[in-house]
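Below: the structure, in structure tokens.
Residue numbering begins at 1 within each chain, and the chains themselves are lettered A, B, C and D in the order written.
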């Protein structure tokens, strides 16, 4: 009753959740190209696209990809052996447990007529599979601890925790069951006729299975034991292999022995069973909302990818984001990840940026500060393509970054060059008039400009001054220096000259007095960025 | 020769002269102000630009101290655009007179002047450039004031009320008939043109030149001249006015002015008024003395130095004279010297200029038999286009605000554009022909690091294009302007300034051969 | 970090006209030469080459014939660098320099072996000797008072044709002026940028079209010196062709295009004849035993230069050869003895344009007849060190109008002296 | 001769031919290039926003090269310039060095001033040597007129990047000559290609490029030769895309220097990435 209700509830959540996520694939959008399509259009075109792929020659290449990248995870083994082992352990260990253990009634029993969960090889295998999963989980934890670039979020921790508690509760439960006298009693009453003396069996089980009985049982009496053994062979052995083969649960059982009576009295095994089962159901219900959803989305994404239709591209982006397992490989390979160490903006890291972009794709209002952070991360990206190349889920990250940049721009979050250009230097200066300021090396140091003899060389040699018309440039380099000399740095910071400088260093190289004009421009940009970004308003 | 008539002729276009012009104009009395050079060409333009709180005079002259306090308060209220209300710090360094330091607060209190003691650490936090050897510090109400803007605005309001201003108009003769000046003959020092001005009253506000003027009316004023030199730093060193806490002495005061600081002064008795310029010795003395209070003065870059003359009246003979309103300034009614319509006002301080103008105007009114009362105690000084170009770092702000691509800068250092020069030319034309020095006085032209080397050429070329200069007048104009700038650069020729002047010489002599 | 060591026979420090000339003369004589200096010095010259035009400066006496002036000068000022070189040397030095410049397509010429008057942007006349060929037309036009049109450009600061016309009114009545809008006239114009723009035929055509209607009866056109940099000769001839009149350039205020042409010619061509040059590098330290060893700029990536001889042509204050503090004037690399330990109060005159010149302009390095710097007692300090150019004492070049002449002649003498000494 | 090959961000995706041709040419000339997969961005793009982030980026790259005990060779001038500049900053400040090393130590890395950073052209001209290259040139590209585009960030600031004479360089022309081609003398050879403004002010970026191409045309150039990822992207990819069909821009294609040299050395076109 409890089992089936909770199972049904969690299954329902699972199904609804999966549906919800699938619908969201067609509902959410990122990228300005996504704006023109309706959900229905996208569903139609998605379904058609998948069919097209399946019934085209492409399916062979997809199958190849499925086998290599999904089943065998070739991409990961190339990048990192341990990570591959982790993935294989968790995925296949869990899958085998699922098939053999969770669906024992439906699958294992059907296949093996004499199946019993306490019988070898099943008991041994269950322990083995569990151990494999735990081993994988341990690698995952260690990896996250050891690689400073990879950030771990609540989802990651929860997923790992959930897996770990399912496994651990399973093992402990098995251990408890082994030593449980109430279960022994239940079994005896079901399988042995009431008239038989079960003392020898008790003794045998106490000795061999470490069942803890309330009454004192002499387990050293050879005679009693051999009687018990024959009784065991008659009644129990067909379903019960020796417990040592449960090589993980068994040590638990042995160690629980000392407080076996208490445990048995409180029927802790039952509670733990509830816990184990509930954990599993929780996992089931949580699956559509967790990173494990990639089990579903990754293959579908692969199927949809080749359908080059615009609408599918848009959909594929969303599925792609669902396919993300937050494994951090992109971040490990990211060309600009180290910048996070300085700016502490996680949105520089592709794995984190993707999570933020998910928020963006939902079309709900995201707070300004967050958007500024996403924009900063997006515009620091150098489009090196490395993340896309290494993503084990095959997400087209490059396309995602381009799309999200477009969305950001459309919402008024530009490159610094562009948002700073939206206001005149005077307006910026007015905006930050009251804002406190940390002095910096060059621009706040008037001595830097003492050497300037006003010869105009910097302006004469500047290719930007030469190429621009009067509207494109507001000041010459010399004029920027003079503003700084007069302490008007807020005016200088936002000037078009500063932000349209190509940093060709002509001015600096030609300056007869060795004034570091270009370096000063760099500092002005750094400073302007910090000084203006909190007060910028977005259109 | 042109003849002009007016109620009052004021001689001297310093703070006092322009102040009187405004005071009278507000009382409905029209006047002509004749200045032999230009606005503030004398001591009014060659001082610290300090609006005294009075604290500096508490020991030597309590009366003057109180006057300063009162006038300072009035000006802060009525002419805020000319004033940067910085506040001040009086700081003593080890070795300074301990007695003076301990008496200072009570002396201030007696004069009603606020002087709040602060501890040394706090003082150093407020003004990090203060010496490590600072031993006492007080917060005061000193402020900095732009004397050029002040005089230009005073005159602008007088002109708007019907008075007029003549630049380069030197008084060369008083025609005295029946114990009265019948007319005054003026000569234009640029063109040589002469003008007769028939005025009911003549006010001699010629500052250091007041004695010379009085001499024209055969009146002798015993004057002594004290030259004071100052230096301008390239950057603003402090937020506040810094004043050495000791008996008023040389090289005591550092006043911030916009983006720069002004440090001074010296006091050197001189006998004549020719060739007033700062010397190398004065600059070196000031720097080494000032560095005791603000050590950075030893190493900072200076833009220029300048000197002014304090007119002092030797009152020995006239002690107890009731016309000497206070020991700060002197108002002389020359009726007793047999010239009925001639008044001299001289001495005093920039801070008390308004009071001097008020007292003078009162006397003028008595002479004219007019009962109008002074309005400058209550009426705010309006801000006009004539004064706005003098404030450091203001011109670039205004230029950047307009952002007109065609309006290119003619002066790069201080960022003065064509349109600003246009406006300056218009303003200068009110009182004569525009020339580089005239524009320079009304703005920041020539006041940046290049000291006119580049901008003089660019502005002269622009003025030719506008038809404001003709024949070879531009050449002499450039020479005159640069020479005037050079006076202030000369004592500061080391480090970068010597490079700058080498470039200037290479351009103007080596290339343009302007010296030939 | 190990430093690269470069070896040479002669190190020229300085990249002004003296340094460039010294490098040229040395390379022409097969001396292995390294030159090191600032990058941009020559663009601060007007591009005019003086020999000597005024002496004595107190009298502002102008000389038509510079060679006669030198004779008198030698008698009057024994310390003047010219007193250590013969006229023949000066002529030979210029000949070699001008030939080099011609090969670099920057032709220079003089006019009847006499000083000429060049019109300046403010309308004054600048006496000088060798001038860019593009300016020579103007000299004769002024002498013959030909009908002439002078143009200036809207938003090119510090150049007013009207000013030139007004200032020259009593010397040249036949002047007319016009203001032309240059290509994109909405912004400020810079001579150097205009010069590059005009190298493009389409821009030159456009300019010619703008000017044409103003020519009328003018036989010659005066234009600010903006007619191309590297392709100057062809820009000039093309413009004359397009307009059908002679064209002459009027030099502008620094940074000037004729100066930039010189700079480019030297920077590009000196390397071709074997000079190894390092611009925008500075000497940090110098050691001397028999050879000089120099440490040259840049934190950990410094390099060393080992040389047998050094020509010091670092110029004065702007060039960086001299520096001044409140007490004294110092030579910046070798800390050589400076003539003129005057007190600061007599460094400068009260009048900026004082005819006798500022005392400080006569200070500098004194040398023996081979341009070895000497100390107070007259002793040579290093016998493989030579000082040339404006750093030399007794040489008020701005007033005498002798800057280039002194630089070129002393560079020539020093290089020859080094060669002779080397044997 | 062995170098760590620092290809930067743009080459793998946008300019595989640059990597290909560089490797094949250098290989023939006896230079071994080692790929270090962990190399990150040189720091140039982020320098606008945070100099410190830029310096950290450089320092990490250098630290990675140190781990392999290799000097760095980069074919990109922007990378070169920024690596040199940041390295220079680190050389000059103990505090900065400590701060950066603290961050790097999390990965077991450390910056020290013992790794040389070299640009491809510098290695060709100074380490391999013109004479050696000459021996490998089998098919001199006689009569081909080439405009050498220097690229700003390798040249300037000269004191820091130490590539060649910052305003009168010769290295590139010499290398073009050794391939048998004729370098042309053009006025704007040292000017900016405009790419730093791409994506920021496209109009101005294109204007700058246009100026250069027009100037190259005046000098009769047939090709503009580049040795920088960004410059090449500008003259090739962006030009082809943005100025397509614009008749007013002379048709002078861009060629990468190792491709040019590779042709002269007789290397198969495919191997050079044509």
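Following the convention adopted for this analysis, a residue touches a chain if its C-beta (ideal position, glycine included) is under 8 Å from a C-beta of that chain, and two chains touch if they have at least 3 such contacts.
Model, not experiment: these values are computed from the prediction.
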item: Target chain C, source chain B, minimum contact steps; value: 1
item: Pair joined by the larger number of C-beta contacts - A-C, C-D; value: C-D
item: Inter-chain centre distance, chain A versus chain C - centres from mean C-alpha coordinates, in Å; value: 69
item: Between chain C and chain D, centroid-to-centroid distance (C-alpha), Å; value: 36
item: Centre distance in Å when chain B and chain D are each reduced to the mean of their C-alpha atoms; value: 60
item: Distance between the centres, which are taken as Cα means, of chain B and chain A, whole angstrom; value: 72
item: For chain B, residues that touch 2 or more chains besides their own; value: 405-406, 409, 454, 495, 499, 503
item: Residues of chain D whose C-beta touches two or more other chains; value: 157-158, 166-167
item: Interface hub residues of chain A, defined as touching at least two other chains; value: 453, 455-456, 466, 468-471, 509-510
item: Interchain contacts (touch definition) - all pairs; value: A-B, A-C, A-D, B-C, C-D
item: Of chain C, residues touching chain B in the complex; value: 44, 46, 48, 54, 60, 62, 120-127, 155, 157-160, 162-163, 166-167, 169, 179, 186-188, 251, 253-254, 316-318, 323-326, 343-345, 347-348, 350-353, 355, 358, 360-361, 397-399, 401, 403
item: Residues of chain D touching chain C in the complex; value: 88, 91-92, 113-114, 157-160, 162, 165-168, 170, 185, 187-188, 214-215, 218
item: Of all residues in chain C, those that touch chain D in their complex; value: 1, 39-40, 196, 199-201, 229-231, 267-268, 271, 277-282, 297-301
item: In the complex, chain B residues that touch chain C; value: 275, 277, 279-281, 284, 287, 405-406, 408-410, 454, 457-458, 460-462, 464-465, 469-472, 474-475, 478-479, 482-483, 486-487, 490, 493-495, 498-499, 501-516
item: In the complex with chain A, residue positions of chain C that touch it; value: 38-41, 43-44, 184, 186-188, 190-193, 196-197, 254-255, 280, 318
